[in-house]
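Each of the next two complexes has subunit A plus one other chain: subunit B in the first, subunit C in the second.
Right after this comes the complex of A and B.
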């Protein structure tokens, strides 16, 4: 909790958070009013289940955006990781203990490669990760175009397990967010992400290992994509090369809604978690109200514009 | 979005580097063509070349617009979604005769201009990063389009729309003529007019431009309008080529147009680029795609090669001019 308070003070983002929290409360109230099934424990269980994957990918995206970069390869990476996990486990279901760490290591390495390329080639991260996304997607499709593979029973059970009525995956997600928040606020390496994102040259002049921090942030984004893939494979039971396609752009919405600015250096994971909650809960409520997913797209677009407008106006003042 | 490292503003005068940039790309293109010719004797036949160019024409139109936005340090992710939306709009008239074609064009251009105006307003007046503004526009257009069609668009098009793709005037494909016209008109605007000079000034140094009496906001909004209008026109021509309306006409063109522009030497940091060189980038991209098929590689290989090329090209221009 003190980490949360620290984040409030540190980034002076309290108003952004207050706005998002107010919107969340408004949403819950409206939901309870409009639908009698919305405010049920069962629905919240579903909701947490739904937000785990998006939450994980958005967390990774937050590290990179804090740095002033962007990771457009996460979607392809999630897809590739699910294909790897599901096919590996179909081949050797008994090697679960090996498959998951391998997937995480590979995803982290690819993330680190993204960061490394932006430094070595001095090319804008947008271009690097876009290119990498294309390469990863193409390579995955060459291996398998259709969803395939399978997962052992234990992994599938994990995705539907509950602890005191709360999905275990959601508890894991919140724990990871808490760890990430603590790390960003309390550790030297975590705080250096803010420095580098705020002013890269100043960070360099202050003797920070800027290149290492950049690679680390992208590696973390890769790691998060790998974790998201584990959640996803556990739930769907297959590896699908296309499953992450929409995730790339979806992962950016909660980050900017949560007040992390694309220019870098300001924001945090608490905002992202609130943003993920807001986006998922809104879609959940719209589903209850039988609003077609087409209008949900329109609303998602409007949310991005409104959120960013609010944050930039605040910055101007 | 803000570039990671803002380079010093560069003059747009002809320098050794920019000449190398130009001819380097031509050499690369010629080499590609030679490889293609060796691999497939039919490749260099005029008929095949015209065919390849015909496929490239709608992308070229999008690139002509995209370059304007990139020059003022932006990018437009909404072009592909706009192309599909314009295609759906074209069916809204339920026209069966060719009399409706001018109306379809007028409606498409007007609609695109409004989209560009909103994009530009968000970027220039509301300080929304171009990436997010056009991303939001892409999603919104997608939602509106699907809501209108209910997921399954009807395909009532005037028969003359096919002429846009396959028709010829004096033996030259109509879409190539249109692309050439667009490129020449906007090339003159960009490289010969006062507005063009202002665009380069805003792109290389907005503050200096402002101090020189240029209104960056106005220039940025205008660039977005030009970009969207070009994408809208490209959407109609692509629709003519595809023949049937789907909700995904033009899918992937947002990234392809950026890739082509970057390969054509347009700097994502703004203020540097040339329309005609950017169109060479389109040619390279299309020939590479064609080559992948000629070599008998699976089509997924295009994705891998495209990825390597976009990163490689961006790195190449960076080091060339560093």
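Right after this comes the complex of A and C.
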């Protein structure tokens, strides 16, 4: 947690976070004013539950975007992982201890493969991960076209558990973000992501193991997709190959809204966390106001463009 | 009195907090080469932009060919015959030479379509005027930089040009290419074109310019015919104080001790054909030669960013097998690349991160980066190298060129316990910062670091080096002692062996 605070303090002057925080406050105020059910403990509990999956995937996306890349395979990977987890657990509910690590290892390996392919083939990550996304999606559908499988009671309970009225999954999420923030700011490999994202050639000249760092960032994105799939399967109780379809593009929104730039080298996980909060809270409020989901899409699009243009203008000054 | 091509009087430009131009008077006569001198930030580029219509001044007046004007856009100035060639060339690297030359004036055929044949004919005509042999079909990125520059000048000749502004055109070319450029400048001058010439190289000013105007802090510090000012007077006016000594004292005794770097029969690609030399601790070894003679490539091979085809490299008597920057860094070798923005610095990151980049392990305690330690080292290097920055948190992209270069010295001096390779260490850096860099280089050498310095500026090579190697066509053409070296001796080696090779090749062709 202290690392997140430290990151905030260091970036205080950049104002990027201030903008997102201001938007959040505005949203909470508007919510409280427009709906009497919005500012309730119970709603916030729900909200935190909702943001866990998006939060996890966006965290992974942050590493890759910081590197100057993009991961379009996360959605398919989440879908495939839920199918794997749910079917494995339907077959052997007693092997929960094995199923989850296996899912995480597989997801991490696929992520690492993405990174490796961008290096070996020298193809833009957009293309590599787009192709990979299609391959994973197709392969998953070959195995199972409809939602299926099941999860044991324990896993389902975990997803609805509360600690002092706060969902345990949300606490886990925040802990993971804090750890990620600490890692990015204070470890050699984390810092190296900024170097490689800022200028790959310069990173090489400074003797940094560029290829290893690239593979690591994509592997972490895969790992995050795997974790998201665990959260998701625990909550829905099934594996669904299509469940991640929308997640890919959704995962980019909080990253860029939070001030991480697509060119790489600048940004951080705190911004992403705030971005996730903003997007989820906005949709939650619009639901309360019975705004149709079509409008929700439109408003979310506006938020992306406005927030990023504010970041960009600020940076130019 | 001839009517000047352009005359600026009491031109002012002001931004909040800064005044890049303060009541500047400046005039260029037809057929005159007028040098514009000044340190970085003195206001040269702002003045150029005012003339070219890219910036509108806040005060003062401008006449062009005797009539008062006030440009609304660069396009308007261009149409009137003012052509500005910036240091960063404005060419489309994927397009052909002809397309680039006629970018604003594509010839059309009867149907109103662009005519490829007419385009190549017209482009070839213009290039012939310039006396250069460049294929109009070649793509820009296939051309050497010097040719690209000629294409840029050719663009100016498409329409009528009355005033040509060249912003540091010789920063990226050398030797014969400079001669070709100067020949063309003289030719344009004879045709009555006024030329504004910006350069940091004073020797060139004496060679080519008729008059000189020196800017200092946005004001004119001096102006007059070139012959009226000595080199030292120019520097004094530019810097605002007298620089007692530009180059620090050389080593008194020849360097002793075992070789710190020894390369033998190095081959890499077609640029490095057979290079052998050695450097001892504490000596400054200069490498001179034309752009393209293989100078930079040798440095890259030594540091491990370029593949080696043959030969050996030994640091401190041990041969390196795994050839990559990480290994070189581990062995105490640092490399300040020619192009600091593209290849050295992380512009978006603070000074502290830039200084520590190659040595994160040095500030890692129990797996975590020690922020305070990192900050202290950065502060120390900021002090050691007099970087003008308020704190180590300042982003490197916000510093001037000279200060960026000092940050790089701050970084690599910690790493380079044994050998520091410098590729054009003072390019684009103003004279005040240059003198500081020379002092830094000499100090490092006195601490026992071997220095390998590549430079296109012969005075710098001669003034700083203990020994000089002259490279030509991938070979070491000769070695000269630094204290007795002259520019003529160096150029002689750089060109003579080149001519000999060419004539040998020609003879062989005749025989065949």
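In this text, the second predicted complex is superposed on the first by the 306 of 317 C-alpha atoms of A that agree within 3 Å, B and C clash if a C-alpha of one lies under 4 Å from a C-alpha of the other, contacts with A are read in each partner's own complex, and residues count from 1 in each chain.
Here, a contact is a pair of C-beta atoms (placed from the backbone, for glycine too) under 8 Å apart; a residue touches a chain by one contact, two chains touch by 3 or more.
The structure displayed is predicted, hence computed values, not measured ones.
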item	value
When both partners are placed on the shared chain, which of subunit B and subunit C touches more of subunit A	B
Contacts of A:173 with subunit B and subunit C, given as first, second, both or neither	neither
Touching partner for A:220 - first (subunit B), second (subunit C), both, neither	neither
First (subunit B), second (subunit C), both or neither touched by A:127	first
First (subunit B), second (subunit C), both or neither touched by A:206	second
Which of subunit B and subunit C A:89 touches, first, second, both or neither	neither
Complex contact set, residues of subunit A against subunit C	10, 182, 185-188, 191-192, 194-195, 198-199, 201-209, 265-266
Contacting residues of subunit C [partner subunit A, same complex]	303, 305, 324-326, 328-330, 335, 337, 342-349, 353, 357-358, 360-361, 364, 367-369, 371, 393
Of all residues in subunit A, those that touch subunit B in their complex	68-70, 117-118, 121-128, 130-139, 141-142, 145, 200, 249, 252, 256, 262-264, 292-302, 304-305, 308-309, 312-313, 316
Subunit B - residues contacting subunit A, complex	1-5, 75, 122, 126-129, 131-133, 135-140, 142-144, 146-147, 151, 255, 258-259, 262, 268-269, 298, 300-311, 314-315, 318, 322
